[in-house]
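Have a look at these structures, which come just after this line.
Presented sequentially are two complexes of subunit A, the first with subunit B as partner and the second with subunit C.
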Partner chain A sequence: MLFYEEKDARETLKLRSLKKGEYHQDYPLYTVVRDNDKCIRCLACVRQCSYEATFYDPVRNVIYNKDEACVGCLRCVAICPTDAITVKRNDTKYRENENWREETIKAIKKQADFGAARLTGLGNDKGYKIYFDHMVLDASQVTNPSIDPLREPMELRTFLGRKPDSVKVEFRNGKLHLKEKIPPQLKLEVPVIFAPMSYGSINFNFQAALAIAAREAGTYFNTGEGGLHQKLREFGSNAIVQVASGRFGVDIDYLEAAAAVEIKIGQGAKPGIGGHLPGEKVTADISRTRMIPEGSDAISPAPHHDIYSIEDLRLLIYAIKEATRYTKPVSVKIAAVHNVAAIASGIARAGADIIVIDGFRGGTGAAPTIIRDHVGIPIELAIAQVDQRLRDEGIRNWVSLIAAGGIRSSADIVKIIALGADAVYIGTAAMVAVGCTLCQQCHRGICAWGITTNRPDLAKRINVDIAAEQLYNLLRGWAIEIREMLGLMGVNSIESLRGNRLKLRGVGLTQEELDVLGIKHAGLQ
Partner chain B sequence: MKVVFPIEERCIDCHLCEVACIVEHSETKDPILAYMVEGLSFNEEWSAFTPDPHEALEAGKPKPLNRTRVRNNGAGVSFSMMCRHCEEPKCVEACKNGSLYIAEDGRILLNEDKCVGCWMCIMACPWGAISRNPTRGNVKGLERTAISHKCDLCPDREIPACVMACPTEALIYIEKEEIKNYEVRFSR
Partner chain C sequence: MSWNYVKDISNCGLFGVISKKKRLINGEIARRAIANMHDRGNGLGGGFAAYGIYPDYKDFYAFHIMYDSLKAIDETEEFLRDNLEVVHEEDIPTRETDKIKWSPYLKRYFVLPANNPKERELELLRGMDDDYIVRVVMIINDRIEGAYVFSSGKNMGAFKGVGFPEDLAEFYRLDEYDGYIWIAHNRFPTNTPGWWGGAHPFTLLDWAIVHNGEISSYGINRRYLEMFGYKLTLHTDTEVVAYLMDLIVRKHGLPFEIAAKIFAPPFWKDIDEMDEDEREAYTALRAVYGSAVLNGPFAILFAFHNGLMGLNDRVKLRPLVVGEKDDLVYMSSEEAGIREVEPDLDRVYAPPAGEPVLVFTEEEKD
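Right after this comes the complex of A and B.
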């Protein structure tokens, strides 16, 4: 009761309500050091700080910082024309204690002051083992030739969707024709899709940039659960639209505008709980796109209340397929949890064409910190298990697998594809490409880099054209690197790498972990 | 002719165009010196630089000033405003001694030695793009009267400094005729 009816409980218990700024038990995490000899008092940093941490004192003619408000987003450092600013971790530390670390103590103190669940943005930042960093790739030497991708064709094109069990062909007019109709497919020139980030959690400018970059690079962007803005309908052929438990912005035009429809069951950062967009962020445009009243909280229910079983999921999948006349693949996105392999098998049998597995390092616009940091499993293990399970059951060709959550580089993409994924989602990497510095304040809606904010003056900080170019450059660079890596392994197509775990070796992994990943330890033949 | 055109939808109110303008029109072309040393005279008595622009002027080092200004309505609308280099300039019409003139390439320039600081151009400019330069006065006995001050499109540069400095490309250097055809993608 105390947690859910906070106001009433406070009244009955005669608790005083703490106001913003009354938070005084703790020391600031960051301290902003300004080189007074270099500072020209142009006040760019004061104007750019959206967290109200930087001030100008005209009497002393100095710029000073309220360190307790600083989140370490480094916007001031980036904008300073004379490089006068350094943001440092505060030297003050609680007494060393391996058990009671700084973040633990800070969390308790914060909660004691505010009495609410701590919210955060982005993905899990705890020091769990990153399996990507414990896997290495093979290369061709003497006995098998490597391929030079600059001189020979290298295929990155990927098709996502249900593949037939066998290929039946017939001769007609001297040409080979497929006997069966191939189910609808998504055609990707790079096996990278922009992850679901809803309009509302990110602003229009960033979503527009994602759309432009996706079209330029021949891939897709995912709208997230916030609907598709009318101005972005022209990018429908490069959009995957999401149907989440809140059903925000879903109507037949929305489904028909898209290239594919995704049913969002779970999110890696917060498996088992729904999205939450605070009412302050619901502006007129967002309310129109989401089809909810202006200023009202957009709270997605934790489950889909019409999906309590695989059979129910099948009903929704086929309802969407009927509505779109079987012209679009339907994907189902789940978070990586303990029995993800069995769930994925069920989803494949329920009629999904694509399954998205979101690992626990996947990002979010807002999630309770405790859930983000402690729920779910790593994507590497989940993909390895799902791929193996679907192969064992002989239904791997029924679905395509998309890996999401914690993909940081082209090497991660190559490794996860070798573990069995068809393509990947990148969300955090896309945000970093346009400026994000991982300060984890997305939930506050005042992102100083203009990404996760709808305040018009802050949203302007993303120039659609520049951001689209940066995103396109990222995809292009990664595509070149993937081609290089395929070439050195002697593979000329990404299809030949998929599920090819012999190309991977583990370093510093236990036998158990190697078994789960289905790879050998480095040094073994 | 090419002019600098501000795009409101992209301006983030950082004022780096002003910084770039000051640095470009300074003697040292160094931001720290332009801001912190130029235009300040060394006061022996205090052993410090004092911010008296007139003393600095006498020492031959006037404080560089910005010729563009970022306007902000406090509600998310901001843009950088500098001379539009009009084809039929009101300021030139208003200038009583010909210190404002149309150069051969179409730029509107100010002869700073000639300007008497009557500020009629400031009154006449429909854009509010001309400001006063308090570091300089040409009339004898009225040295502290400010002369006019306006954008000269950086004669030493191919592309004006403000355009190069803008982090979000909210200032573009564009042919006058092309401005009306220029489309900002997804503008409101």
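Right after this comes the complex of A and C.
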């Protein structure tokens, strides 16, 4: 009864939600320690803490902390000019219990206080096995020489889109000539794309930085489902625009501005559920971009209400292709779930040119914690299975595969490409590049680092130019590392790595896991 | 499971010669040239392929088959009788030599597809002789334990085994054969069991390949081929090269020059410099055939009934030298191998990385 007639039940039982601050029976996770000798009372930390965990008492000239409000975002630490601040994990702990861990106890207490689903940001932080960390790469020794990327070309250029089985070419006067054009492709100079992050969940400054960095690096950013701001239309040729269940910001200009269109079915952080941008975050600018009234809730339903089957998906794919006159690849993004391989096969056959698989480590602007942490499967396993399935069906070339959700480094990229991905999305890594400290408060909209917030005083903490440079630098650094890894494996272009699972070996994996990944254990030839 | 395989690693010596006028060249030439490069092998594999050696049966597919056991012979011959028209069969003539101490049973058959094959999958291929023969080869190699087809093309044959190539030439009595194309191989495997079927050349119909190198892209080349229904049984790079050639040239209908550009594509920096038309063509070629790029060090000689192609990887990590004398074109790992049989050459050069050297016989140039 409580679930279905919650309001009534609460009234009759005289239940109430506690107000913020009315915490009971719990201790703070963090404690902020300030070295009084070092602190010069500049109050920077007070101004910077958007979580109101720091305040100044002018009478006693002391800065105090309200530890229970501290989220450990470390903004104050980074900003303090005299390094006076240390944020520590609270020494106080519940009595050791392998079964009832601290987070579990805290979750119950919080829900007992507030009577709601817990929300969080970012990706699954639980201790599931990270398969990336159980795979190692091969290197050339003697029988085939390694190739030095400083002396020889080392090619990362990647094309995403549907590939025919063969091409029709001929030599005309000694020059190669293409007799039949191939379907539209996205051209990437580095196989990394900025993951969908909508304007609204992130602010304009950050999205602009993503757009600039994508253009400079020869790759793409993804608008997410929040539309494409007029001021970013000039970056359209580096934009993948999303059509999601809320259809925010979708009109023909939006589709035409983009390099590719992506139908968002699911998200790794919250497979099977929709999204909700609260009305108070829908500012004038966001309302214009999303094409919804100012101040109204932006609700993305769990499914697309015109897609209840694979045939329906096909209709939408072709509606988009017709609208854009077959000039742009159409991508379909799904969360990695148990039968992802069969679903991907269906999507390829439904006409998609690109399939994005979003693993269960993928981030989010806001999701119920319980879903983020318990639904979906790791991207490594999902990509391995999808790639193999498409090959078994002889249709791997019909689609390009983008791996998303859990890519942390250039090594992860090399490994997932060897498993069968064409390219990757990075979201969390891009946020970390511009300051994010993984405090997981994105859903609150007051990110102290100015990333997942639209409060102007906070959003301005992202300087577009600096952030773009940081993002570009990250891609540049990773590209250098990927080239090194290709060279030591004895290949000089990324297509020879793609799906080349001989370059991987498992360490500490069971036979079952090796079979799912399609790799051999280290030590085996 | 298609990923659970071991790949052989080897380094080698190559030699090839073609007469554009189809003048016949004795097997001694190939033997002497490859013997000159003795140190490029380690005695664990060698072989030859020759074209024009069976003029009397030139319209029949010549099957060279090795057998490990009499049982394999019985089983294979029953299969051949049921599915092929065998016009002639015999043991492959050999000579006793100290150097080759053991050999499998070696037989050859001259055949055509049967009108009423017993095998269902062959019935479906009636009228498509080449596909029919390829299927027969796959069935024998895949299904009959202890039987392995060395070659199956018309008016050509492969002679190979475990040993140094010059000793195998002696064993196979190659001095008794005359052909207008020869290719030879001297192998230096690092980890292979001594199996005669594993030696080069590797053949399919009238195509024969010898190869020096290690294809670092093997893992994906193989999975790419499997997607098109090829069954790879040999765990060698060379098998991959042969099947890729089959897919690109025979099935997709692209000329050898373009196959070469797929195996060893121009770099993007060079493609970016091309005019728009050519840039578009190479971009499409690389985007579509990325999984067919042969990446890593290699030199390949690829022979077919009317030509010979030599190709290096795109940074030239393995040697390949070309020598010309009148209508003869030689291709070799070392110039010394060519000089051994033709000291007085009109021209000698090393082809640039990734640039195919393609020589056709004159009357059949297309």
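The definition used in the following text is that the second predicted complex is superposed on the first by the 510 of 525 C-alpha atoms of A that agree within 3 Å, B and C clash if a C-alpha of one lies under 4 Å from a C-alpha of the other, contacts with A are read in each partner's own complex, and residues count from 1 in each chain.
Here is the rule we use: contacts are C-beta pairs under 8 Å (C-beta built on N, C-alpha and C of every residue); 3 or more make two chains touch, one makes a residue touch a chain.
The shown structure was predicted, so the numbers you read here are calculated from the model rather than taken from an experiment.
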{"item": "Partners on subunit A (subunit B, subunit C) - clash or fit", "value": "fit"}
{"item": "Contacts of A:525 with subunit B and subunit C, given as first, second, both or neither", "value": "second"}
{"item": "First, second, both or neither for A:460, with subunit B first and subunit C second", "value": "first"}
{"item": "Touched partner set for A:28, first subunit B, second subunit C, both or neither", "value": "neither"}
{"item": "First, second, both or neither for A:81, with subunit B first and subunit C second", "value": "first"}
{"item": "Computed vertex angle (subunit A) for partners subunit B and subunit C, CA, steps of 10°", "value": "130"}
{"item": "Which of subunit B and subunit C A:147 touches, first, second, both or neither", "value": "second"}
{"item": "Touching partner for A:218 - first (subunit B), second (subunit C), both, neither", "value": "neither"}
{"item": "Contacts of A:42 with subunit B and subunit C, given as first, second, both or neither", "value": "first"}
{"item": "Minimum Cα separation, subunit C to subunit B, after superposition on A (Å)", "value": "32"}
{"item": "On subunit A, the residue positions that both subunit B and subunit C contact, one per complex", "value": "none"}
{"item": "Parts of subunit A lying in touch with subunit B, wherever the complex brings them together", "value": "37-38, 40-44, 47-48, 79, 81-82, 204-205, 208, 212, 231, 450, 455-457, 460-461, 463-466"}
{"item": "Contact footprint of subunit A on subunit B as seen in their complex", "value": "9-16, 18-20, 31-32, 34-36, 75-76, 78, 165, 167-170, 185-186"}
{"item": "Parts of subunit A lying in touch with subunit C, wherever the complex brings them together", "value": "140, 143-145, 147, 152-153, 155, 157, 159, 161, 163-167, 169-171, 175-178, 181-182, 185, 388, 391, 394, 396-397, 489-493, 495-503, 515, 518-520, 525"}
{"item": "Subunit C residues within the subunit A interface of the complex", "value": "1-4, 6-7, 9-11, 190-191, 213-214, 216-220, 223-224, 226-229, 248, 251-255, 257-258, 261, 265, 267-269, 275, 277-278, 280-291, 293, 295-297, 314-315, 317"}
